[in-house]
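Have a look at this one before I ask anything.
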Amino acid sequence: MKVKINKLLTKDKTLFLAYDQGLEHGPKEFNDNNVDHKNIIYLAKKGKFNGIVFKKGIAEKYQTEIKKSKIPLIIKLNGKTNLLKGEPISRQICSVEEAIEVGASAVGYTIYIGSEHESLMLEEFGKIEKEAHEKGIPVVAWIYPRGKSVKGKSKRELMAYATRTGLEIGADIVKIKYEGNLKDLSWAVKSAGRTKVVIAGGTKQNEKEFLEEVKEIKESGAIGLAVGRNVWQNPKPLKITKKIKKIVFKNDSNKS
Amino acid sequence: MKVKINKLLTKDKTLFLAYDQGLEHGPKEFNDNNVDHKNIIYLAKKGKFNGIVFKKGIAEKYQTEIKKSKIPLIIKLNGKTNLLKGEPISRQICSVEEAIEVGASAVGYTIYIGSEHESLMLEEFGKIEKEAHEKGIPVVAWIYPRGKSVKGKSKRELMAYATRTGLEIGADIVKIKYEGNLKDLSWAVKSAGRTKVVIAGGTKQNEKEFLEEVKEIKESGAIGLAVGRNVWQNPKPLKITKKIKKIVFKNDSNKS
Amino acid sequence: MKVKINKLLTKDKTLFLAYDQGLEHGPKEFNDNNVDHKNIIYLAKKGKFNGIVFKKGIAEKYQTEIKKSKIPLIIKLNGKTNLLKGEPISRQICSVEEAIEVGASAVGYTIYIGSEHESLMLEEFGKIEKEAHEKGIPVVAWIYPRGKSVKGKSKRELMAYATRTGLEIGADIVKIKYEGNLKDLSWAVKSAGRTKVVIAGGTKQNEKEFLEEVKEIKESGAIGLAVGRNVWQNPKPLKITKKIKKIVFKNDSNKS
Amino acid sequence: MKVKINKLLTKDKTLFLAYDQGLEHGPKEFNDNNVDHKNIIYLAKKGKFNGIVFKKGIAEKYQTEIKKSKIPLIIKLNGKTNLLKGEPISRQICSVEEAIEVGASAVGYTIYIGSEHESLMLEEFGKIEKEAHEKGIPVVAWIYPRGKSVKGKSKRELMAYATRTGLEIGADIVKIKYEGNLKDLSWAVKSAGRTKVVIAGGTKQNEKEFLEEVKEIKESGAIGLAVGRNVWQNPKPLKITKKIKKIVFKNDSNKS
Amino acid sequence: MKVKINKLLTKDKTLFLAYDQGLEHGPKEFNDNNVDHKNIIYLAKKGKFNGIVFKKGIAEKYQTEIKKSKIPLIIKLNGKTNLLKGEPISRQICSVEEAIEVGASAVGYTIYIGSEHESLMLEEFGKIEKEAHEKGIPVVAWIYPRGKSVKGKSKRELMAYATRTGLEIGADIVKIKYEGNLKDLSWAVKSAGRTKVVIAGGTKQNEKEFLEEVKEIKESGAIGLAVGRNVWQNPKPLKITKKIKKIVFKNDSNKS
């Protein structure tokens, strides 16, 4: 079955709003305003994001608001708290079937390559990818090199390894962290072949520096970003969203 | 399917009688009177609790008395003894199907976030939540931060992380321990979004102090408590129940 | 479906002949006579036991003799050798379906509470209990506190924890070791609620002391014993059986 | 269903040709001649063995020759290399269904009792025994005490424990190593009850000593041997086969 | 069902193009040209390889090009990154069913014999082999001795153990590394019986030395090579391909 990915793109570029930090990092990331999903859904709608990333609990309890917003829903199928240190493992807590039932346009899954539990996550992803693709649902792989085995490896190598892993295992979009320089990121994008690359917004930064980074991401050939804290922790989230979109969706002659 | 949660609430507030300590803590919690389920069921009935928490063995062997009492039954699906120290793991010992068969109005499951086995419990909860919701059965998540990884973390952070986890994974009600102050608990309730928060009664306390705590719980926006030892270890359990109910169900202008 | 437990009882009391030591302890427990199942089945028949405990291999290979004896068959579904030291784990080696097929009137399963593998056994028991009860087959739980975590705990606490665990997880009969005093055992019987308590005969003792113990067991409210070595290692097994039965089945006004 | 064991016996005695050493020990056991399955199948046919033991790969690739030989095929369902030291674990690599499809008259499975992984193998054997017996296929259990927990145990105890385990878990034939003396082996045979005992030929020995051992095996009541290296590593394998058969199948008044 | 292996052979010899290094080694193996699958598919087509080895992600995203090339597709079903050190484990990430759906003519699977996780891979391979053979699909086993248990073992022993393992578990083709001398490799080929042996090209070498090695491989009786880096890292990949093919497909009187 043909994978319906266009729903997540605007002229082959994209901007997702990521909001699964409640489980992945804990509420310490939030304030009285952004702790509330209604505000996040409102932001996604007003900012006309290409997708909003939630865990299944949210998707179920805020179904009405999400559907009304018409923003495509991406369900992250696995998850963990950040309390446990050591080699990370994140298992599936939502099935592809459940995601589709609450209206997901895509599913996501995180793989910590290099972790002692890497093989369990690669295996689980394999089954999810099969099931989602049979139903025409695109799969987004969050791929992060982690664990003691990646200590000291070059950022260039690790970024490209992450995107390439996404391609090899069948992800339609691979989401990575941008940690090197533009040249390294371009190589990572190239290594991803026909898998599209999206960059995680990461921890909150100085706005100017962040927008500089967005420009580099654009130049690298990545199709866009999945922003979270740099937007909803910003006192004026819609304003910064506009600035980001201006860069991401600018017409130019980048690799298509 | 719509989750039938109203059966467990009185005007959006609730008071559960918890009695799964026989497995979780062992009979050392009991005396000649409260060791007997018949007495507990009698207490639940006389005290008009909104729900009574049992393990499946009890629900099967005391089915007649439980049904006659008309108190909604909440089956805790997983369980463990407290003999084993170290990183806790509690696995499913009763299926959703079995719980429904013995007449459960809701199912419960404990997750020890921060434990080395967290991912196994999150995964198992995911499947239970799916099955229960398909049948319209509400799911109560007992979420307790545990294990060496949570040592030294702030109580505020841990309480809010527990309630938020409940929301993100799809619990209808999340039960936590109240360990910080009112402000911290209010934040935890806020972090839970549309997942309702219930507080564990915890170890037996001085009655006055306990009732003070109940007032704070009420103020925090939590919908109520799941009391156990503070009631059935009390020499006059019905009298203390009345006092708790007076606070929990008092009409006021709290967050609804 | 109603659990058919009466087949295992005589006026609510019982005496089982346990003979799964071949796997659990090894043939060093046996001599030329009691190593042979035919002799054990003969003993069970002559002694009119309420049940005989075998592993599935025996039940299959001695099916004709067992059926002819008309003694109810209890199949122990899990098992392990005693070669491996450390935290015990015993997994299912016979299904409920197989047990029924060879004519079992009940199934048994051992759980080592306190062991690092406790949760695996509780989980497996949960599935067995479901399947057996759906078919009206009673479930006997052998519950033994074990592993380094139970070192130093009081015998009273451990005995009661074992019987209570049996009740909470849905066993119809819980078999424990008698290691404390009469008062402690009575408390354990009380903690078991509607789950019936049977005491393991244990290692071979002086006959007089053993019969003293049987009297205490009778007084405690336990429904009887599962004897093994104290009978079939006795030079006159039928004679000692009669003495035990006289105590166990004596009419009196004990708790019913 | 009745288990069809007679196909593997000649007047209740048997001689198997074992040839699974390629996986279990590696090709270092072989020379240019015995490395080739065709030669082994030829030997089995000429020597009129009661059974030939292969892994599934061989059974598939040499199906034509095996069928033509008319020697009953025994498929060993699990296997491992001997590269890894430490507590042994051998998992199922061929299903009962596959074995039947390639024409197996029996299936085999190795259990290392005493190993830290004992419970996994006992559990897996349990399922295999069920499936095979439902289809009338006999099950041969290779049972070897192994791992650090068996260090220092008496050979008498271990041999008898191995055979008894075979009986308790439902094996039709149990294959053990002969490591003690005749008296010990006779006790092991007695401990096996109605499970037949077959002795592993073991490492290559001086021919005279080996034939002495065969006589003791005969006297012990074991039904025969599963020979491998002592035959196919022998420069004249058919000649030694004849000598072994003369002992094994000699008419006498041993236990039947 | 008959296994369709001829599609992968030219007069019983073969040359595969291996390109799963993106996941197994990471993109550091690539340059701007060979990072791109289109170029690799072009090379496979122009070089008329007997098969091309991809992971499922590639097979899905470059399906059109692969089909057009008419080069038989071999899907490697399991995979891992090389970030994690220690005892290797590689789990299934693509099902046989998926491989067939994208047009695979064969499936591959890597087993690290000697690794602490050997038994998991042998077990998984067993299921894959069954499923593939039921559908007539040949199975290629990559078998590499690994982990601390193989330190210090002779290369001769390990090569032969690898090929023999392939035979015993049912592989149609076994792929190993050539690390000893011609005599050792010939022994390994002999140990493989009716399982065909293919040699991994390995790390990039001096061209002359590499072609010398190819000659030895030819002489050993192996049916060919699976080349990767020695071809696509070569500045003139088609030229070196021709040289290899000239050796591999030369008519001679080697073992058939």
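A, B, C, D and E are the chain letters, set down in written order, and residue numbers restart from 1 in every chain.
The criterion applied here is as follows: contacts are C-beta pairs under 8 Å (C-beta built on N, C-alpha and C of every residue); 3 or more make two chains touch, one makes a residue touch a chain.
Remember, it's a predicted structure, so these values are computed and weren't measured experimentally.
> Which chains does subunit A share as contact partners with subunit C?
Common contact partners of subunit A and subunit C, which must touch each of the two, are B.
> What is the size of the turn, to the nearest 5°, that moves the C-alpha atoms of subunit D onto the matching ones in subunit E?
It is a rotation of 70 degrees, to the nearest 5.
> How many angstrom between the C-alpha centroids of subunit D and subunit A?
The computed centroid separation for subunit A versus subunit D comes out at 56 Å.
> Just give me the whole-number Å value for how far the CA centre of subunit A lies from that of subunit B.
35
> What positions in subunit A touch 2 or more of the other chains?
In subunit A, no residue touches two or more other chains.
> From subunit C, heading first to subunit D, list each chain in turn around the ring.
Read cyclically, starting with subunit C and passing subunit D second, the order is C, D, E, A, B.
> With touch defined as at the start, can you tell me which subunit C residues reach subunit D in the complex?
Going by the criterion above, the answer is residues 20, 22-23, 26-28, 30, 32, 35-37, 55-58, 60-62, 79-81, 83-86, 89-95, 98.
> Going by the contact rule at the top, pick out the subunit C residues touching subunit B in the complex.
For this pair, the touching residues of subunit C are 113-116, 118-120, 122-123, 125-126, 130, 133, 145, 147, 149-150, 153, 157, 160-161, 164-171, 187, 190-191, 193-195.
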